[in-house]
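Some notes on the structure that comes next.
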């Protein structure tokens, strides 16, 4: 059943005078003078004592701490790998969001011995998690989880797509050569 | 955009030491210009000037436009000096560097403000139609001192250029094709030529026509615009080291001599070219 | 091909839900290739020469919707939307062409129409479109410049054709040509007289009584663009398809004659010469494109009428 | 100036706008009404409002009221340019443009057009109080508005505010409520102020009032009065304008509901 | 318009080519069709601005500059044409994160501005011509073809690796007659103008050449287009032979660029042609077969 469409500014809930509010304001809403209003255009849900409004699915999203993002590596240095983000939480985003995976955020263990070059190469498609809003330029990302890391990579020499053989290596099926990567496992 | 690379200390020291002995890296003496080579095109008003490896092409063209309301008797002389990355990748397309602006202004002063071209002679019908003469300066190769090269090319091209003959009856204008009537040269009062000196260090050592390396290492430049009648049209010393007045007078004396040589070269080149092209203009 | 297998092997290892939108974003080439292998385009159009009219996007024209302009046309070509508005001015003819007025076409791709463009002066792409539009309009001579003369050598109309894109989804040149032609067809020039005493031109306002003069147009140019992707011919490509195509060909045909008015193709060869091994194999395919363009032009002409 | 001209095909030398022989073609108001188009003084023109016209934009709206036609698109939230400092709130960038054919004479000024710049500023001021920009740290929202047909800049800006707010709502930018705009002109020929005046009506006006408000919350985000008008008359007028805004809000609501259905 | 007297309708004007003329550029070439000549210079691979940097290939920046006046929208269109023709041929991925800067300067093209007399007096106004010509469109086809050739040769001079050679030529129909390499005046009087670009090399056209670019304006029948294309193909083969000879001389013992001026017969056929990539330096690498 299609939920009721609400528009921004529409009052969703006003507690009866004198009684305690039975709903709290969730996402897509705001409270003013006790009344909860919608702040988004979308469908309204009242679950678990929280009123929230969900926008449409194809809404552009911006990265927030804890978002899962997918991006392409554009640049690597000794200290960090830079990504151009493709998706945020499974939704395509604008290409000009930039994220950085610093060497200490690549994996959980042996953080000090991380060599960026043996974890990422330019062009790799990587899944990562946002750990903070970062500086004015880029978001700080982390791949320090089993499910995070390189999803897709091609060989620098033959151009063939690499296959994962372990957490740390991928193989070129055409030449059999091994290349180092921080490989993402299944979720 | 790749920036100009600073010369190495070795290059710099070598050049300075040689200069102190009155020697230049390309074998010239301090007040020598590099060879000026003028080439003319099939088209009237097309001139290529090479000053050593520095290379500038100028095309002069004319069109008929309406004059400004407050100057109904005056034609236009439009000088376009955009340096493309062809001259050197240090120049960015579509964005003028300070150096470029300075060069454009000096060239403008040399050609326009010195009234080299009689603009009133460009009038066809007062307040209605005048010639607008366009000087497109193309810098092809920057091996130093593009300004002098451009000024020689531009004034030579202006003297080489011919505009179509025009007959005016009342307000009606007939423009004759080049084949029908012999085209008309522009009224040119004099031949201003820029000469640039570069100064090095405190000992106010000056060299004429600095090469690319010399202009990178120079502490300042001085540009004179002179004509063969020994008149100074523009003197511009922009920044750099402070110079005693004597030194300035000295370079002016040298300039006066050099400009005569260049003027003679332009004249003889134009005469030789005229002999060739006479055949073409029927 | 290697890449498309990648995508399939990646899906199980990767995200739990590789949605179509995500697939399109991550691997645009395999995404398009998969569609084409199934004989269908991402927007549902069929592929193949015998698919008839369905290979084109819907086109519609709305003439004269802008009342501040003497004539205007709003074109929709699939999602692509643009408006061509005419403004008139009067100028003395160029001294070398005293019998001709002026047509000044300009295409504006404002930042509004697509995230590809920034606010500010016209982008390179807009300038290229303006140039090609001008070349097509002038070379086809659709509006004879001589018909814009008010008084020879003294005064002539200047017809500005300003094309403003509102939604940018490929096929802009095709839509822009259609919009200009639509606006020109509907244009009426006010009656104008040049006064020899003042040198000025006075016009009679267009009203019920004085409807102005409509200009007899020459055969109309109609532009049709094709994209080439992986050996597939994609008629009237969308923006997404265009960015992946290795080559484009634009054919401008004449509405009533058999003449072509403009052919433009640059980049990877239209059809690999070795494909059929015969000299002129690409030529047959170019002929097929031209035939397709002609049939499309007929359809476009109908919506203009 | 040369810079801008080089990227377009320019006007031929000496081009001037058309001059018409007689300009006394002004239509007379119909007998029953004081207005040229037969509306009652407090009646606004019918509004056509549609969302989603610009496919790649986060949100967009096209509005047509009488002869005023304009389109608005919102892009973002997107990252701020690297040069911008860290900002805990989103920035709202507004750019208003006139189509060259929007105003009768060819409208073409390379570089900045002062009228568009002032419209941009008004639009931004009218919208900012409605937006919850704190929800979008270090990002930027671009709002572009193109006026295709203008019928007086006051009517343009009122329609523009409504369209912009609807486009922002469609883009999913959090806001306290929809903003709609309306304006009124005081003309000597009518005892009552004329709401939503056309260009012809605005020409004779002695004073103007324009207002942007959030009818859902009953708050005003921007109000401007120019010319001489008595306080009582203004108060009365503003109430009428707010009423009209209520109607416009209904249209805006309708447009947003249709799209999501 | 009078028929051609100085050469046959299917003959080229004298070609001229000289390379490495400029001291400050990494590669330069001047290419001429008769009096239409274009200088091309290449700088790079060199440092690229971060904003324009491409991770996996070189950024190709092209600037086209006219002989007279300032560059306008039509020069942007010329840049776009060059980009779409050259980008597939240059092995850009060999130079990631770098800049290849190509600048084109038209050095000469005869002006047709005052070639005929005209008058503003009403009595002398000539009626508009009955046949529709491209008079109102500035002539540009021969210049466009010269630009393409000069660009390609500047790349060769600079030692930028390419898959093959690109050669272009202009063709026009004047009063129903097909004319190769039209003059400015012929372009103005033409009913249609065409620029064809052919690529030569393994996988990109072989020795016959493959048509990779067409830019035709005017009014023409389909068969005319093909007729023009065939003539252009033969002509580009001849131009390539000329280029080959000229480059061989340059890299041969003599060193100096030849004062090249040949009038190749249009009948010149492919027999003598060899693989063009093998010429010049070793960097003209071939893609895997």
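Just so it is clear, A, B, C, D and E label the chains in written order, and each chain counts residues from 1 on its own.
Definition applied: contacts are C-beta pairs under 8 Å (C-beta built on N, C-alpha and C of every residue); 3 or more make two chains touch, one makes a residue touch a chain.
This structure is a prediction, so every number in the text was calculated from the model and none was measured.
Peer 1: What's the fewest number of moves from subunit A to subunit B, given that each move must go to a chain touching the current one?
Peer 2: The distance in steps between these two chains is 2.
Peer 1: Report the chain closest to the protein's overall CA mean, measuring from each chain's own CA mean.
Peer 2: The most central chain here turns out to be C.
Peer 1: Most remote chain relative to subunit D, going by C-alpha centroids?
Peer 2: B
Peer 1: Write down the pair of chains with the top C-beta contact pair count.
Peer 2: Max contact pairs: C-D.
Peer 1: Among the chains, which is located farthest from subunit A on the basis of C-alpha centroids?
Peer 2: Farthest chain from subunit A, going by C-alpha centroids: B.
Peer 1: So the centre of each chain is just the mean of its C-alpha atoms; given that, what is the distance between subunit B and subunit C in Å?
Peer 2: Roughly 46 Å, centre to centre.
Peer 1: Quick one: subunit C and subunit E, Cα centre-to-centre, how many Å?
Peer 2: Computed from C-alpha means, the inter-chain centre distance equals 27 Å.
Peer 1: With centres defined as the mean C-alpha position, give me the subunit D-subunit E separation in Å.
Peer 2: Each chain reduced to its C-alpha mean, subunit D and subunit E end up 50 Å apart.
Peer 1: Which whole number of Å gives the spacing of the CA centres of subunit A and subunit D?
Peer 2: Going by mean C-alpha positions, subunit A sits 37 Å from subunit D.
Peer 1: Can you list the subunit C residues in contact with two or more other chains?
Peer 2: Touching at least two other chains: 95, 115, 122, 127, 130, 134.
Peer 1: By the touch rule stated above, which residues of subunit E touch at least two different other chains?
Peer 2: Those would be 70, 72-73, 76, 113, 118, 120-122.
Peer 1: Residues of subunit D that contact two or more other chains, please.
Peer 2: As it turns out, subunit D has residues touching two or more other chains at 3, 7-9, 13-14.
Peer 1: Under the touch definition given earlier, write down the residues of subunit A that touch subunit C in their complex.
Peer 2: Per the touch definition, subunit A meets subunit C at residues 58, 70, 86-87, 90-92, 94, 125, 127, 151-152, 160-161, 163-164, 184, 186-187.
Peer 1: If you look only at subunit D, which of its residues touch subunit B in the complex?
Peer 2: Residues 3, 13-14.
Peer 1: What part of subunit A is in contact with subunit D in the complex they form?
Peer 2: Those residues of subunit A that touch subunit D are 2, 5, 7-11, 28, 30, 32, 37, 39-43, 55-56, 59-60, 62, 94, 96-98, 133, 135-137.
Peer 1: Residues of subunit E touching subunit B in their complex?
Peer 2: Contacts found on subunit E: 21-25, 35, 39, 41, 43-44, 46-47, 49, 63, 65, 67-70, 99, 101, 103, 105, 107-108, 110-111, 113-122, 124.
Peer 1: Please give the residue numbers of subunit E that touch subunit A in the complex, ascending.
Peer 2: 55-56
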